[in-house]
Structure formats: structure tokens, C-alpha cells
């Protein structure tokens, strides 16, 4: 069943990279269903942000930008499309006017993916979205979690609301979707409201590596520690876009870390 | 009391146009209070839109852009700042996460302005905002209304919600904030969901001038008709930014129409 | 067979306008086949240009931009998707390195559409592409043609090549794909190499309306003349993007002209 | 001597429009000297502005943009390069730190052009630059002047300085470089400091046509009046970039007016 | 007197970060006066540059951008607004047309700040502005100086002028505003006119660390040396924007250096 | 003959950096001829690319951008213009419509430069252009080559064509223009079609240093190895623009490597 040719991305020798409808990495636009191993899915939701909206256009932008990606990763020596069935399953349902209702709609979409046994790879959207995703895929048992981010996103509430882009991982721990002992935050460097921004993470036992500590430890030791923290269980990885910084040598870090974590699903 | 020098905008011979904190037309940033005639106010709200958010940054952008405006209008021969007291009163309160609660917060801000007897000139923000503004200033008696817009914004609901940027003027009529017989829509030209988009306006007696009809009538006759429709009562004017069209000679139209309506408040 | 619900564009009450894979006007991405009435198709080809390449990205950009279009046209009072089956059939095949071979590949794609009896609505791409399209759909009999353009595109050759974006309509006439007596050019205003740029058109009997003549005649008389020139036969309409001009009231012109030509296919 | 092939612009059949060093309209970069009829010259000066600097980059930007111009004007049916010798003579000298000294340097450059009997066509630069140009070419006798502009630029001083972009034409009249009876301002529409902004022009007998009056008169009558005002003497034409307005049908106006004024130098 | 609540920045739980008039870090716009500890001040001056003007818009741009900053610095564990009274005091006076006179106006503004005992934190503006600032605050005794920059800015003159953005620190040393033995330049890497560009600094005993030397030494040793050079006296820190380089890991360097220098004023 | 003052770049004390026609580093625009040591030349060719065209505008953009460069390099302590005669010789001839014919035209231009004994420094254009350049200057004997690039560009063909931007260095080796034993590729990190993308390089003995290996080795060891691989013979250096990466500390690498290779031509 694996390696079904029906799942091969568009062949650039037949269809130019700039041609045809844009999908994630030029994979096929398919419905969620049997045979699917990895579901590339957009989550066009930005109602959880309190400063700059617009990440609702993130999935469309990433689809366009990903036209240039070739399938073979020169670091890992792996062409994932030759190993597993990958497809673009479109976007999670959202209601443009309803912050909380959309969270439920997103959860429902990911439950459908989880039910058929596929792994989701989600492109947001603001950083509220790990919550409905984890509710869909981690309700049986808490998962480990790697968070690349400039901020901790573990505050308790904002403007009287408890579900938004700065409370995500506190909710996830409280709802026992994430095991804080198997959670690691990497790269925190943003200014804070006060010292308590990061206090929750420390109090529940997350491993918090600020950008400054990252520089002191060096990449190799961070990777070793990351492997120790995560252990063997299932793990969710989340990149907040502000983990990237043009002035910091962060891109190769992400690349290497991802490389070191790389395995073959199922 | 009028013409209080404390209300004069920054003097460009003392402070360069590009200098100091940006306010609307370089007026003073003041609190709402006695003596104020015209309150320039931002409404940084875009939770009522279903496509492109970002108009929450509209007030900041207009403040910056308005640095270049000189006070004297060469068409009307009027320097409004020499006649009345104008100030920038900041922005209406909003809650970044709460679509409906923000509507109430906005209403409260405009009630405060209305209470001191000042006229508000609001810069949005999406086109939901006339609703809370009218709730604040027109609850005693319905007002007349001129709407420059590409769409009618008179639908009944969207995605199960009744307060958003495409239902504004239907709500305003239903709540008897606007007298539809004294309401005129100018420039409608956007594509519609179906024929019923504009049906409500016709059914309650609004005068609807599409862009095509505008071209057939010509500016002078439109202005005459506008004056007839509005009569003598108090009138609210609303510009949806999409009434502007780089390919259409619309800017002088707005300028002339505003010129012909121009009077002196109080 | 008409009005097959399978052909309805995405419903914005189910899928937000900014969500999911971008297609032309949010129609379905379908293969060419029976039942299809109008084929929206991209032609990502810019090898025929001698100045600015980049129109190969035109179809992708139009797909994204067309997310905002609602189905009902307020001028013509028509919702085309309720009358006929419309789909996005992807992009014509091209070879990124081969200027002439790509012309043949494009022709083949349009022959496939023509064979099933659908009408193509092509989004380019540079202005070479009407040639392969006309070769596919007009080889049985010459068609009439309306060309909105700043230039005539009727030169004989450029840099030793005879198939490129400035020779298109000369080739089309020479190959008897277009009946020059049923051809009208509207809006020519660009600078020319010399007087002969527009000479071919006049010599074979095209009706050439420069931008200046357009202004003198006025819209209504241009439309009347256009209808006279075209008569009753099948007609191809081509918009070169440089027919648009932010400083000229051209958009309503195109809109009205298209409105006046509007009919129901088949 | 006219029509010297050494002055022909670059031939696009030999050198692509996007290739080689950018000059005005792809003319040759030459020194000022005998045989030159029209000197295309940049004036990279923006020290006379009180709001947005940056027009010092204007000449470079126009050189790049003018690559696309073909030589033959379809309205006037004239290829100027076939009639007279045209060259790009580089930029006027300026001192980046010295507002007033630069004015003298600019004047000296234009005197050199005037001495050899060539006509200058200057690309600025802010609207201070007509003053040093007129000092160079009109010191023998005042010239007529057409000014396309949103503002009158006839104030007496700004921030204690008398040479800057808003006093230019007052200085030019005072210095008897311009005959105000043969001067016409077209398109004024910008907001003013007060009524006196335009008072000087009226007081000395300039013909001032505001944008509103332009719309009332219509293009043909404006051209007729313009011809009457200018009469037969030598005339300088100045376009302030803010005479253009994307929302106004101004571009064809300028084109037609220039067309109607067109003659053959010397 | 310290920690006066009247000086607290806008509270984001009351006023959204994107709302209201933009000030530096959302501090209050106040006049210079007693109680003020740190004066955030714009210096919208770019008449000292010889290439790209536009930094006159720097203060406005930084005010907008600084809306996103939260008050607590996670490296230093300090919320400066809880320790001292900080306010936005607007912009220094300038004359848009007068390069040298503006220098005097700027000096006067900073003398006013110095007189009330507040520390200025200035946002430019081009790199001429440290001169008038130092004239205001260092006339009693020379200060130490840290300069992050791509160029030395120690030339003697440019185009016959001695006050401009490339002579600033030579003037400051000559006028005994800076003690060159307590001055350190970090990050020089720009191309030079000739070897003498940096000769003055060496001749008077500045410590000059080029970008290349920085890389060889490493951050920790640079910080140690910086502390040695500066010793205990009062010190001015200047960042030229071109010290930043997207391709270089410079941002954490600045952050760490600033962190290590951090103290509590007064 | 060397150091001819006629070859000095424009003097910024006479002509401001933003003034006059843009040439590479403000050198003189000259014809290829005797006395010329280094020919700065544009190659406005992008017909060899299969994704983003537009590098045909590269030479014009680099000419504009290079206005800011001062002549003296602070790392190497060399002012090249004081040692050798450098000029901007314009752009290589190309035919905008002909991919392969243009390659021959480019070769002819570089043969002319080679014949007079000058060294070319070419600004592209896509990465096909090293092939015609090497055909012009390396036909007598193969040269060594340093390639900074994200991809190897050593594939055998693309879409049935053998001359394009991803086959360049395979063709150069096959045609014995490059000695693969004296060739080194630095920085490869892009995704690949499959493992064979880089196989050719390894098979013929190129030294291939991926970005990951670069990080492991460190700059100093890479430079040492680079010197070993190249030995003493003539060497060509090629920078593909995608070797640069805002997220990677690559700019100082290039700068240092170039510094270490620096010598004096002839």
C-alpha cells in the first residue's frame, strides 16, 4: 500500500514548478482517507492573535513558496515521498468571525485525520492552533513536545480570554495533552510582560532553553539534551515563525535538529 | 469658547511635518471633554471582516499619512481649525479577541463623545463600525446617511453571525438608527453573492446609485439628488475604502460632494 | 447536464475565501472532459517577451486574487455558475527552456479543450499565447477578434524570430485564424518603433481605435461600432494587461463592453 | 549637421532594452558640445524640500524606467530622434550638503548647455530646480511658463529661507525670468496653508486653472486658453510630479496638451 | 519620586498594542520637566548625509515598530519602567532647509533635557546627531564612547563641510567632548575612500575593533576589552544602523553587550 | 600604461554618488580595448532558468547598488583602481528570444575581452553564463574553479535541453574547460531531485563541501583546503546568488575567502 504512485507530487519534467494550482510541496490535493500517511494541512486561523493578524493567509503563502522544494533532502539522504504517501488535504474548517467556535472546527478536522491513522503536518495560522490539534491527536495520552519559539506562550489568560496565541501550551499541559516533563522550549528571547511569562513552564518541569543558553551550550549539546528530554514516546514539534531571526544563525539549527530527529513514520 | 488656540494643530514653522508623534492632521492628542467640537478618533477594529484583516492598523496609517495635509481647503475656502475646536482623542477601546464585546466598547467611547456635544470623525477599522457609532449618536432619532461603497453591506447574516462588515446598514435600519428614506448609497459595483445582496436597500426605500448609474447621471445630477434625499436633518457620512478605485475618476467626486455638503458644525 | 452541482465553486459559507488551494474564482480543479462548458486555464508562458519576463507567474497570481470574486455580476444580473459548468483545468503544458516548442504544447492543450466542446478562458502569460490558442480553436474558420491593448502586436518579426509577443495578430491573420474585417483593436496608445507598427492592421482592414479616438468617440459609440464590426460570428476577446492604465477611466469601459457582449454560451 | 547618426539612441535590435548602462530613453551619454540640439539632463537635488526627500534619486529612476520607451509618438506622428540630435549629458553638479551653493552649481551646468545653443530637458529633483534653470536660460528676457502642479509654489519664504520648493515661481517672477502674463498654472488642487498660497499668482496676472476649473472647462477649452496665454514667445514647461493623480484622468490630459504644443526645435 | 505611575507606558490590557497614537515603546508623550529620568527623543535630521536621505522618518518608524515591545527584558531581568520614569518627549527641533542651524536647534533641545537631569535616549536621524547631543551633555567633561558602526565616521571634512555624518567623532574628539582613550569602535567593515579613513581614530588612541577582529576575538573577549577601555566614567553609546547586518550574527552581540553594560541610572 | 587616470572611477567629491549614469562601481563606461586590465561586464541573460526569470535585470540592479562602494578594501588594504585599469564595458550581447544563440553571442563578447588581455568580472544573469565565459577564456587549457552555491549545477539535462542553469559545470568539465581536480564547490545545501544531483561532481573528483561540512570544518580549514585544491594555476570564481543566506553567517565567509585569494592581476 505504501509508495502508491497516485501520491507522487507533480513531476517537474511534466509540469513546470510555477505551473498549475499551488499545493504544499506540489503534492496532490486529496481528501482524507485510507492509504494516506502524512496529511499536509493548512490552518488559516488568526483570531487568536492580539497584534498582527494575517496568518490566515499563511497556508496560501506556504503553498506558493513550496513550489521550489525538490523532494530529496541532502542532509538526511531521504526522499520522503518515496517512503510514504503524502498529500495536501486542504485547509481545516474555520469560521472567520468566531474565535472559539473555530477552535472546535479545527479539532474536528484533525480528528478525521487522526482517525484514518495519518500524521498531520499543519501550516498555520497563529500559535493558538496547536491546542485544537493536540486535542484531536493527544487525547488518549499526553505527548512530548518540542517548541521553537521566541516566547513561551504559557500565560494564563489575555484580556479575559483563555484560548489565544499566548496561552496555548499552558492549556495543553492543564488538559494533559502534553507531558511537561517531556517538553522542551528552545530559543526564547522575546521581551516579556514580566518575569512570570516563563514561570509556568519552569513550575511544571519543562526544559526551557533561552536563546542565550542555546548559544552557551552549542548545537550539539542542545540536541543531546533534547533527545534526553523527549525519550521514546510520541512527540509533537511546533515552530512559531518568530523562532526564526535573520540576524541569528538559526536556520541551520532547525535543519540539523530536524535532521537528527528524523525517522520513518509507521 | 470657539477657536481656542489650545486646539490649533502643530505649526509646521515650529515642528516639521515629519516630526513628533503622529496624530490625525497634526491636531493635539486630547481627552474628550468640554470645548471640543470635532473629535478625530481611530477605531482599530477588524474582527468583523471575513477576508482581509489588517484595518486595525488603519488609524495608525492615517495618522502618519495625514502629516502632509495643510489646513485650508482650496475648494471650500475653509480652514476648519480656525472655526471649530478639533482634536485627536485617540482610539476607541477594543478587545482584540472579542468581536461582539468590542462593539459595545466602541459604542461606549462614542457615547462619551456624544455626551460632551462633539461631532465624531472616525477612521476605521472595517465597515462594521458604523453600527456602534450610530448606536451612540443616533439612538434619540434616526439620522440620514450617505454611503460611498462598492457593496451594499445590507445582508442579513454571515456564517451565523449578525454583526459583521456586510450586515451593518441592515442592522442600523432595523434598530431605527437610520431613516432609510433619507439614506443614499453611491458607487455600488462589486460582485455579489446573488441578486438579493442589494434587495434589502430597495425594499426599505434607500436610494441606490450604482457605479453604472453614477456614470449615466453625471456628478451634478447625483449631487442634486443626494441633497433631495437627505433633506434637512442630521446626516452621517460613511466611506468604505473600496469606494475608491484607481481606475475610476472617483476622488474628485468625493471631494466635490463633500464640498457641496460642507457646512459649519454648531 | 448543465448546472451540475459538481461544478459549483467552493461555498464561502463552508470554506472561507482565504482557505484551501487557490483556483480560478474558487472553481473546482478538474480534468478536461464531458460536461465541461467553460474551461478556466492558465498559460504560464513568458518566453515570447523581449522586456519584462514574469508573466509565467500570472496564472498563480490571478488564482490567488480571484478568491475575492463573488459569483453574481451586478451589471449583467447573471451568475454564470448557475447557467453553465465552469472548472479550473489547471495550466497548459510548457517547456521552460523552449520558446517555440512550448507554443505547440499550448496548442495541444487547447485542442483537447476544443475537442470536448468547452470554451476556454485563458489567463496568461505574455501576449504570444493567443496564437496557439487560435490555432487550436479557429482552424476550421477564422474568428472575429476584439483586442484591448496599448500596442498593435502586428509587427512582422523581432530579432529574427517570427513568433513572439509583438507579432501575434499578424501571424493569426496570415494563418487565416482571424478575419481582419471582423477584428477591432481598442485603446492603442503606446510609443512605437515607427509609423509601420500599426500599418499592417490598417492594410488588412482591421478597425483600429486608438486611445485618443476612443476619448473622442465616447464609450457608447465605440460599443456600437464594435458590435457592427463583429457581426454575428464567433469571436475571440483578448486583453493585454497594458490596456489597463491607472490614470485612465478604463476599467468601467472594459466592464461595460464585456457587459454589452455578454451572452450565454451554447 | 542635424540627424547625426552618432546621436541615435541604442538600437534595440542590437542591444536589448534591459541591457547596458541606463540613460534617458537609451540616448548616448555625451558631453555638452556643438551639434547637440536637446540635452537630457538629470538634476539630483532634493535639499529644497520640507517633507519627503529622495527625489535626488529621480534621474536614476527615470533613466531605468525610460528603457521601455520606443522613439515614435503615435499621437504626434513624430520620431524626435530623426529630426534633432538628442543626448544624455549626465547630471547637473550638486553639493549634497549645501542647499544654496548647489543652486549655483546647477545654474552653471545649464549655462553651459545654453551657451552651445542646446535646449535642456531636465529631470529632477525637487521643484526648486526651475529657478537655477531659468536663471541660466532666461536671463536675457523673461519666458512664458506652463506649470502642471497640485500647488502654486509661489509663497514668499519658508522657515526663514527664500529658495526652496514652495517659492520657486515667485522668485522667478521677481527676478524677471518669467513673464507672469505669459504664465499658466494647471491642476492646482492641494490643501493650502491659507488663502494667500495662491494670491501672489493672481496678483501678478498668472492664469490659474484649478483642478476643479479644469473639470468645468474641459480639455479642449483649456488648451485653447493655454495657447492664448502663451502667445508666440519662448516658453518653459514644468511638471511637478504631484500633478499626476492615479484617481484622476490626468495622464491623457498631459499627453494631449504636450501633443498640441509640439513643434520642432530650431 | 521615582516610579511615578504617571510615567507607566500604556497598559496593553486597556489599550491594544496597535491602538492610539504611536510613541516610543508606548510611553507617555510628555514635556521635558522634573521627575523625568529617561527622555526618549526623536531627532528627525538627515541633512548630514551624502547618499540616502530619509532617516528624518526614523523616529516615526521606530515609534510604530516599538509598539510590540513588552517592558521586561528576559536577559537582564529588568523592567526599566518599574525603576525609573521614562517618557517620550517628542522630537528635537530642526529646520528642514538648514543643515548647520539645525545642529544648533538639536543641541538646544538636549541641553533642556540635560538641565533637568534626565538621560536622553535618542533615535535618529543620520549619524551627524551625536555631535549636537554631546555638545549638550558632555561640555563639562569628556565622556567615554562605544560606537557600533560599519564606518569610523572620523574623516576631517566632506565636500568642503566639516559637520556631516562622516566627521562626527573627529569633531567630538577635537572639541574634547569625547575622551579618545575611553572610546571603542566595534564592527567596522565598510569599504573606505582610502587607508586614512580610520587613521584618525588610531592616532588619538581609540580602540578600533573591525568586524574581522571581532570574529577572531569572540564576543566574551570583546566585552572584557570594552569594559577595560571604558573604565568607570560616564559613557555614551551610539548605534549606527549599518552596524546591523542580516548576514552576520550581530543582533545577539548587541543584546549581550548592552546586557553586560546594563545598570540603573541615578 | 597601468594606473591610467582615464580609468579612475567617478570622484565623489566632484559627482555625488547618486548622480549621473549608473555604472559598475562608478567606473567609466568604455569599449573593450588596449590598456584595459579588468572588464566589468553585465550578462543580462535569464533564458537558462526553469523557475524565476528576472536576472536579466541583474546587471542594471548591481550597477545602481554599487554606487555606494568606496574603492579601498579595509581587509585587504588594497584600492584596486590604483593598481590596474578597470572599466565598465557594458553588457554582453544577447537575443531575448533565443536561449542557445545567446550563449554564442555571450561567448563572442568574452572572446573579445580575452583577446585584448583583460580579465572579465561578469555580473549575471542566471548560472548558465559561466559556460560561454569559460568557452571564451579557457579553451586553451582547463582552469581551476571555485563555486559558491546552494546547488551543484552538474546535472546532465533538463526538459530535453543540455544548456541551462543546472548543467553548467558538467558541460564545462566535459568540454575540458575546467579541471575537476582543481575544482571546489562550497556551501551546497539546497534540496535535490535525488541523490544523483551531486554524483557527477564526486565521480570526476571535485571537492564538494556542503554547508553542513563547512560548519564542521570551520572557515580556516576550508580556506586551507581551498588553497590546496586550487594550487597555482589560473582559477575562475563563480558566486551563485543563492549561496547567500540571510540566516547563515555566509557574508563574512565570502569576504574572507576572497580576501585570502586576493592577488594582483598581471
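Every chain is named by a letter (A, B, C, D, E and F) in the order it is written, and numbering of its residues begins at 1.
FYI, a residue touches a chain if its C-beta (ideal position, glycine included) is under 8 Å from a C-beta of that chain, and two chains touch if they have at least 3 such contacts.
All values reported here derive from a predicted model rather than from experimental measurement.
Shared contact partners of chain A and chain D, listed by label, are B, C, E, F. Minimum number of contact steps separating chain C from chain E: 2. Most remote from chain E, judged by the distance between CA-atom centroids, is C.
When chain A is fitted to chain E on its Cα atoms, the angle of the rotation, on a 0 to 180 scale and to the nearest 5, is 120 degrees. Annotation: A-C is the more contact-rich of the chain pairs A-C and D-E, by number of C-beta pairs in contact.
Homomeric contact chain C/chain D is classed as different-residue, with under half of its interface positions used by both copies. Chain B and chain E have centres, each the mean of its CA atoms, that are 42 Å apart. Among all residues of chain F, those that touch two or more other chains are 16, 18, 50-51, 56, 95-96, 158-159, 245-246, 248-249. Taken chain by chain, the contacts fit none of the simple shapes, being neither an open path, a ring, a star, nor a full set of pairwise contacts.
Of all possible chain pairs, the ones that touch are A-B, A-C, A-E, A-F, B-C, B-D, B-E, C-D, C-F, D-E, D-F, E-F. Against chain B, the residues of chain E that register as touching in their complex are 14-16, 18-23, 29, 42, 44, 56-57, 59-60, 63-64, 88, 90-91, 93-96.
Against chain E, the residues of chain F that register as touching in their complex are 12-13, 16-18, 67-75, 77, 79, 244-246, 248-252, 256.
Across the interface of their complex, chain E is touched by residues 46-51, 53-54, 56, 95-99, 158-161, 164 of chain D.
Contacts from chain D toward chain B in the complex involve residues 50-52, 158-159, 188-195, 197-198, 210-212, 215, 245-249.
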